[in-house]
Amino acid sequence: LATQSLFALSQPGRRGAQFPAADVPVKPLEELIPAQALATEPTGLPEVTESDVIRHFVNLSTLNMCVDTHFYPLGSCTMKYNPKRHERLSSLPGIVDLHPYQNQADLQGMLGLLYEMQEMLAEISGLPAVSLQPAAGAQGEFTALLTAKAYFEDKGEKRTKVLFPNSAHGTNPASAAIAGFDCVQLASSKEGLVDLEDLKSHLDDQTAVFMVTNPNTLGLFEKDIKQIAQMVHDVGGLVYIDGANMNAILGYTRPGDFGGDMMHFNVHKTFTGPHGAGGPGSGPIAVRDFLADFLPGPVIGHDASAEEGEAYQLVTPSKSIGRVRSFCGNIGILVRGYCYLRTLGAAGLKAVSENAVLNANYLKALLKDVLPVPNGDLCMHEFVASASKSKAANGITAMDIAKRLLDFGFHAPTVYFPLVVPEAIMVEPTETESKETLDAFAETIVKILQEDPEFLHQAPHSTDVSRPDEVVAARNPILQCCESE
Amino acid sequence: LATQSLFALSQPGRRGAQFPAADVPVKPLEELIPAQALATEPTGLPEVTESDVIRHFVNLSTLNMCVDTHFYPLGSCTMKYNPKRHERLSSLPGIVDLHPYQNQADLQGMLGLLYEMQEMLAEISGLPAVSLQPAAGAQGEFTALLTAKAYFEDKGEKRTKVLFPNSAHGTNPASAAIAGFDCVQLASSKEGLVDLEDLKSHLDDQTAVFMVTNPNTLGLFEKDIKQIAQMVHDVGGLVYIDGANMNAILGYTRPGDFGGDMMHFNVHKTFTGPHGAGGPGSGPIAVRDFLADFLPGPVIGHDASAEEGEAYQLVTPSKSIGRVRSFCGNIGILVRGYCYLRTLGAAGLKAVSENAVLNANYLKALLKDVLPVPNGDLCMHEFVASASKSKAANGITAMDIAKRLLDFGFHAPTVYFPLVVPEAIMVEPTETESKETLDAFAETIVKILQEDPEFLHQAPHSTDVSRPDEVVAARNPILQCCESE
Amino acid sequence: MSYLFNTPEQQQQMLQTIGVDSLEALFATIPSDLRLDRPLDLPPALTEMELQKHFSNLASQNVGPGDRVCMLGGGAYDHFVPAAVDEIARRGEFYTAYTPYQAEASQGSLQTFFEFQSLICQLTGMDVSNASLYEGGTCVSEAAFMAMRVTNRHNRVVLLGSLHPEYRQVVETYLKHLNCEVVIVPCKDGSVDPADVDAAMDDQTACLVIQHPNFFGTLEEAAELTEIAHRYGALSVVSYDPISLGILSRPGDYGTDIAIAEGQSLGTPLQFGGPYLGLFSCSEKFVRRMPGRLIGQTVDRNGKRCYVLNLQAREQHIRRDKATSNICSNQGLIAIRAAVYLSLLGKQGIREVAELSCQKAHYAADQLTSVEGIELLFPERPFFKEFAVSCSEGADYLLRKARQAGFDLGPELSRFTFENNPESYQTAVLVAITEQRTREEIDRLVTALKA
Amino acid sequence: MSYLFNTPEQQQQMLQTIGVDSLEALFATIPSDLRLDRPLDLPPALTEMELQKHFSNLASQNVGPGDRVCMLGGGAYDHFVPAAVDEIARRGEFYTAYTPYQAEASQGSLQTFFEFQSLICQLTGMDVSNASLYEGGTCVSEAAFMAMRVTNRHNRVVLLGSLHPEYRQVVETYLKHLNCEVVIVPCKDGSVDPADVDAAMDDQTACLVIQHPNFFGTLEEAAELTEIAHRYGALSVVSYDPISLGILSRPGDYGTDIAIAEGQSLGTPLQFGGPYLGLFSCSEKFVRRMPGRLIGQTVDRNGKRCYVLNLQAREQHIRRDKATSNICSNQGLIAIRAAVYLSLLGKQGIREVAELSCQKAHYAADQLTSVEGIELLFPERPFFKEFAVSCSEGADYLLRKARQAGFDLGPELSRFTFENNPESYQTAVLVAITEQRTREEIDRLVTALKA
C-alpha cells in the first residue's frame, strides 16, 4: 500500500488544503486577465485529502534508510548525525521567514550571522575571502573557476586548461567544462596520489587551475601537496581544493596553508547540512586575498563604525564575476552549518576530524584481511577497499556486498568510485558512529563474504524491492506516473 | 537492532545533552544542602549520545502501527486523522510556553480560547456548564459523579447507587467505586440496548446516577433514552452520558436534549486530541445549570464589561467539589480540540458524524455475511461483529482475525469488548477513511476467513514479534530492563 | 469539507450497498423528537490559513517566556527542553498511535514505555514504576488509595502542610467524601517538624505524604519522616522534584514506599499547566496494588524478547469496580518525552541540571535579599532551586516591578490556602531558578528592583 | 564533546587495533610543516541551551513577516505553507537520507521524486520534469545550455528584458565568458513587444527566454513569443510562476520547449532567499539533453514496480566533462515540500490560491492607486499577483511610510539594473499580494498611506 501511486488515490472532488472565499470584491477573471492567457482547463493535479497525503508520504518515507535509523557509511558523502537543534533553530520565526528583499536594517541579525559564517569559514580554510552564494559544491567549483578566469583576464592572461587527477569527483571536469575550460585528466601514482611527473608534463602557461581533492577520494592525504602547489604556482596557475573531504582535517591543516588558492565547503556534509534526500546543499567558497575582488556578489560586509541598522551590508565586490544565483545563497543550510560551528568550536572541530579518522582507520583495520585497501597504510576519514579478491575467488562483487548489507540493516558504502580502484568499496564511517557499530558492520562484512555467491547476486532479500532493472528504465524512460494509470 | 535496549547502548563517559558551566560563583554543594540530603552516588541513568537516542527511538517508533501509516479501526477509540495544523498551532510561542501561574492579564489570549472552548462544548452537548479540568474521560466520569454527589448532599440527600448497563466501559464502574458509590450492573436487552425492565427494578431513592454510553458500546443509539432519562429523573436520579461515542451524533442530537444531565467529552477521540500512544487525553465535562455551582474549580469566567486584561478570569464555582488536578486541565489537548472545532464549524461537525456513520454501516454491510453483527440493523459510528460463526465452524477466533489483519497492514479492531458479545470484533472506521480503504479491509477479512486456521492461530507472521506470552509476563513480572542486562 | 474522504458519488454507492437512500436515513434510530432541528451555534469554520492567523492573534494576547524571563515555580518549571525531545515526540508513529492493545503492532510504544519505567526506577532508586499517571496532583490521591489498599487502613491519611496546596486540594476532593480523614500537619518556618508528624500519626493511618523539596522549595527531613511513617505501619509517600534527584538522595535510598512526582520538568513545555506527567513508582512488593498501566517484558511464540501490557488484571477494563484505579490511559506522549529527556541527559546531565539550578538559585537568593525590603521567608531552611521571599512593600508590588523589568516571579503565596497561614505569607512570593537562568538575568532583575 | 561516541577508553582500544599509539599518529601523512600549530580562532563552543538563546537574540534583531505584513515580491513570495508540508519534510527518513544511489534503500525518496516530476508535468502541461535544480535563476542558464546542445547553436541567446534582473545576471555570468552573445530585448511599458523580439531573433539563436508573468508581474505574450522563437528554429524557454498556473494557460499548452520556474511558492518558507527550488521541465524529445537528476519507473528482479535514478549516462559522475550539467545534487527536501504542497492543493486548491492572489492583487492595486501620488507604473498591462507602482514622493518615502504602518513592500526597482531603465523606475516599487493578504490589511495600508 505504501507504494501505491499518489495519483491512484485521487478521486474527483476530494480536497486537501482549502482556502477561504475572497474577502475583496471579486471581478470576473476575464476582466483581469486577457482570455488567451487564461487556462482553458484545470491542471491535472490529483485530488486527495490531507490524510491521504500524510499517510502516503509517511509510508513512503519508511522505505528509506537514513542516518536517523541506520549506519550510512556512504563514502565521499560524510553521512554524519544531523543535530536536531539545527532543525529547531533554523525554523525560528525571525530566521525562517525573512524575505530576501527586506530593508537591510531589518536584517541585521541574519546578516550578522552570515558575516560570522564567512569569518569562520575563512579561518577554517586559511583563505580570507568567502562567498556564501554557491548552492552546492558543484556550483562552488564552477564559481571559483570563473573567479579564477576573471582574475586571469584581469591580468591580461587567457588560460585555457584545468587539470585534475583521474580520481576526481565527476563534478570537477563537468564544472570546468561549463566554465569554458579544456579538461586535462592526470594519472594517479601507484600510491593513489597525484602523479607528480604526469602533472609536471601537463603544466604550462595555459594552465589556469589544478583541481585536487585533499584528502583525495581514496581517503589519502596528498603528502606532496605543497610541492604540487608550488609547481602549479610556478607556471602561474592556481590550485583549487575540492573540500568534499574537509571532515578529515578540520583544525589539523588548512587548504590555505598547504597551497590551495581556492576551495569550496560542502556545508551539508562537513557541517551537517543535512543531506535532504539529495539536497539542498550549500557550497560556499573561500579564496585568497587577490581573488576577493572577483567573487560573485553579494557578499556580507561589516562596518563596525556604521550607524545602527547598517553595520552589516550586502556588497558586491569591485570586479565581481556577477551573480551565480538569485538572492544570497542557501541560507537555511548555512544557518544549520553556523549552528554546528558554534556548537563545536575549535576543540570540537578538531575532535571531529580525530574521531572521523580514528573510525575510518579502525574499520579499515578490522576489514583488512577480507577487503584489502590497495592504497595507503593509514587512511584519513575514509578508505577505498577493493572486492577484487572475492570477485576473483568466487564471484562476489562490490555490488553484491553493497546490496547484501542492506539486509543486515546497514546502508551500503559507495561502490565503483573512485574509478581508479577496481571493485571499489568506499567507506566513510564518520565520527558520529560508535565502535560498537563499526564492530557490527565489520562482522557483517566478514559474514557476507562467507555466504553463497548465488544468494548474494540476488541480494537484497529483505527490502521492498530488489535489484531494479536500470537497463529497462533507461531504454524506455517512464518519468511520470499519470500516463500509466 | 531497533529493539536493542537503551541501557545496552550506554558507555561510561558518553554524553547526550550538555550544559554550560555555572556563570555564578559556585559554592560547595555541602554548604547549600545538608549532607544527609545529598545523594551519595549518581543515578543509574544510561550514558548515551544524542544520536544514540535519536536512532534508538526513531527505530522503535517504526515498530508501531499508527493512524498516520495504517487504517486503525480500533472500536470505541475513534482513531481518526490528526490534523497537522494542530501540532503546529499548539506549539506556537505564546501558546506552548505559558506558565500556569502567570499574571492573568498576560493570559487573556489563552483564557479567551479556553472560554470559547467551554462555550462550544456546552453548545455541542446541550448542557450549559463546562469544566475543562478532567485529564481524561475516566477522570471526567469521576468528576461528574462527585459533582452529582455534592449536588445531592447539598439537597440533603445521600444517594448510594450508580447504575450502568453491562455493556459499559470498565471505567464507569471503576469511577463510581472511587467516588464512593455502590455499583449496580444492569442487563442488556435482546436488541443490545438498556433493558428497561431491569433498569426499572433497580431504580429507587438510593439511585444517584445512571451512567450510559449513547450511542452505546455496541454502536447502537439507545432509542428509549428519553424514557430512560425520565425513569431516572422520576426517582430523583441523574443521567450521565459517557461521551466516548460522540463522534456518531455531532449536530444530530445532544445529550442535554435527550435527557442527559452530565457528560464527558473525549477530546483526544472526538476532537482529534491526538491519542499519543495512550494519552494524554482530555475529558472535559458538561452539566446542567443546577449542577454548575458544584463543578471543580477553576473554570473560565468572562466579564465583557471588565477592564482590559481582566475580561477572562479563572473562577471557582461557589459550592465547588474542589480541584481534581493541579492547574487548569490538559491545555495542550484542549487547544488541539479547539483547532478542530474552529476548523469544522457546525456543518463540518455534522458531516463528520454523517460520514462516520456512513463508513461504519458500509463496512458492516460488506462484512455481514462473514462476520454477522448480532445486534442492530443500522449501526451508528461503529459496530460489534461476532466471530462466533467462524469459531464454531473451524476454530478461527476474533483474536486470530485481529492478529492476521496486522500482516495485511491493518491495525486490528477492538476484540472481546464489549463483554456482552461473544468473540466480539468492534470496528470503528471513523469518517477519515475512504471507501477504497474500507473495501480493501473487507476483502482482507473475507480472505482471512478462508485461510488455514492453524496458520491463523500463529498469526501475525510479518511483524517483528508474534503472540507475546502474557501469562509468563504476569507470573514473573519484569518491569524494568536494567536488572537483566 | 475538511478531513472527509467520501465524494458525493461514493456516498451514493455506499448508501446503495447499505440499502438506505440517504445519509439522513442512517440516523433513523435516533427518534425524531430528539433530533436537533437547527444547526449547532458555533463560530464559522476557518481554513488552515485563517486559523493560523487567529492563533497568531491569540498568542499575541499572551505574554510568555519568550517575552519575559521566567522565574515562576510552584510545581511547573522552565527547564530547558532539548530539540531531540520534540523530534521524537512529533513522530506520527508515536503521537497517532493509541494504547498498545495489539502488542505486535505496538512494540515501539511498549519498549519505549518499558524503558521509561526503567529510567524512572534508575532516577528514583525505586523498584517499579508504572507507565505514568495524569500529573503530580492526582498522583497523591492515587498513592493514598494504594496505601489504603496495601495497609487495609481506609480512614486516615496524613499529609505534610508543605505539600503543594493544589495537590492537597486534589486529595481532599478525592478522599473527603469517602469517610477518610485527611490530617494536615502544619508547616512552620518552611518545613514540617518531625515531632509534629509523629504526634499526628497513629496506627490507623494509611500513609504519610511528604513533598521534598516541598512547595516552598525547602527540604524536608524525608528520611526521618519515612522512618516515622514506618513506625506506625503506614506507607511513606514522597512527592519529589525529578530534577532534584541529580544531587539529592533518592526516595529509594531512604526507604520510601511510594515515590511520586510531577514530571513536567523532564522535557515537557509549560503549556499553561498541562498535559503534564504523573510519575509513580513503588516497592516491588506492592506491584499488584499499583494503579496505572504497567509494561512488562516477556517472550513471543518464537522466544524473542518483547513487551506487553502487563498485570492488566488490576485494571478497570477487566476488574471494573474492583480495579486499582479508574485511570485507563497513561500520559503516553509525555512519558515518551521524559524517556527521551532522561536518555539525553544521562547520569551526568541530570546532575549538571540539578547543580546549575541549585547554584543559580542560591546566587539569586543572595542577590535578591540584597534588595532593601526583600527577605527570605524561611532564612533558616535549606532549599534546592526554589525559595520564597517576602517583600516589605507587598507581593503585588514586587511582582509588578519585576514584570516591568521583564521578569515573571511567583506564584504569590496569597493565591493559596494553607493549614498554617501566617501573616508573613501575604507579602511573599516564590522564585524558581532553573539552569536556564543566567547571572546576567539575575543581576538585571536585582538592579531593576533596586532602582 | 558534542556528537562524539568513542570514549577515551574505546579510543585506546581502537588505536591498538589499528596499531598506532595516539590519535596524533593517525595524521602522520600530513607533513608536519603543513600542520596548523595553533587552535582555530573560532568563537567559543556553545551548549544547546546557550545556542538557543543566541538565536533568540539574533532573531530579535530581524524584523519578519510575523512583525510586518509581507507584500514583498520579486521572485520570492509569502504564500501559505500548510502544516502537513512541514510534517513530511521534517521526517528524518527524508532529511537525513541522501541521493538514492542504493535504490532498494531509497524507494521512499525515489517514488516521492518520481511523483514530484509527475506533479510538475501535470501543473505545467510539459512532458518531462527533472527532480529539480538549484533555484529559479540558475534554471535559466541550464535551459540556455540545454537549448544550445539541442539546437547546436552555441553563440547566441535572446532574453526578454522583463526577465528577473538577477536571473539575467546569472545567465550573463554563466554565458558571457563562453563566446556566447546574450541579447536583451528591452522591456517597454511593462512588457516586451513581440515585434522587437522578432527583430532580435535570428537563425543562430539557441533560445528565447521569456518570463511570464514577468519580473514586473505583468503578462507577456508568451504564446506568440513562443511561435516567434520556433519560427527561427530556436527553443522557447518560459520561466513561469507556479502559482499562476492555477488560472493561466500552461507552458505545455502553448508549445513551450523548456519550462522553468522558481518553486519557492510551492510550500517553502522565504528563509532569506534559499534554499529554493528550480523547476525544470521540457518536451519529451529533449529528455536525453536535460540537466539534473531524473527518476524513472522500472521493475525489480521480481517484476515489482519500483523507481531508480534514470538516464545517469547524462550526468557528471559518468560523463564527467561531457555531462549535461555539473549539477550533481537536486533540491531533494525542497522538492519533497513541493510534492506535498501540490498534493494537498490539488487541482482545486491551486486554482483557489491563484484566483485569490489575483483578485486580491487587483483590489490592492485599485486601492493603492486611490492614494494621491501613487500610480500603477504600467497601467495598460494585465498582471497576475504582482504589480509596480510609482510614488510621486519617491520609492523610499513609500517604503518607509508603509514600514511605519507595519507593511513591507518592494523591492524597489532602483535596486536593479535593466537594459531599458527609464526615469520612472527610480520612484517605483513592486507590490506582491498572495492569498494570505486580507482586505483589512490592504485597507489599513491604504489608510496609513493616505494619512
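Per-chain residue numbering starts at 1, and chain names A, B, C and D are given in the order in which the chains are listed.
The criterion applied here is as follows: a contact is a pair of C-beta atoms (placed from the backbone, for glycine too) under 8 Å apart; a residue touches a chain by one contact, two chains touch by 3 or more.
These numbers were taken from a predicted model, which means no experiment stands behind them.
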Subject >> chain D and chain B - chains in contact with each >> reply: A, C
Subject >> Pair in A-C, A-D or B-C that repeats B-D, with over half of contact pairs matching by residue number >> reply: A-C
Original post:
Taking each chain's centre as its mean C-alpha position, how far apart are chain B and chain C in Å?
Top reply: 19
**OP:** Could you put a whole-Å number on the gap between the CA centroids of chain A and chain B?
**Re:** 47
Original post:
Distance-wise, how many Å sit between the C-alpha centres of chain A and chain C, to the nearest whole number?
Top reply: 45
Subject >> Sequence positions of chain C contacting 2 or more other chains >> reply: 1-5, 10, 46-49, 52, 56, 66, 80, 82-84, 87, 90-92, 435
**OP:** Return the residues of chain B touching two or more other chains; collapse runs of consecutive numbers into ranges.
**Re:** 11, 14-15, 17-20, 49-52, 54, 58, 62, 68-69, 81, 83-85, 87-89, 93, 432, 434
Original post:
Line, ring, star, complete or other: which describes how these chains touch one another?
Top reply: complete
Subject >> Complex contact set, residues of chain D against chain C >> reply: 48-49, 52, 56, 66, 80, 82-83, 87, 90-92, 435-436
Original post:
What residues of chain A sit close enough to touch chain B in their complex?
Top reply: 1, 9, 11, 49-52, 54-55, 58-59, 62, 68-70, 81, 83-84, 93, 409, 432, 434, 436, 440
**OP:** Please name which positions on chain D make contact with chain B in the complex.
**Re:** 1-5, 7-10, 46-50, 82-84, 86-87, 92
Subject >> Complex interface listing, chain A residues touching chain C >> reply: 11-15, 17-20, 49-52, 54, 58, 83-85, 87-89
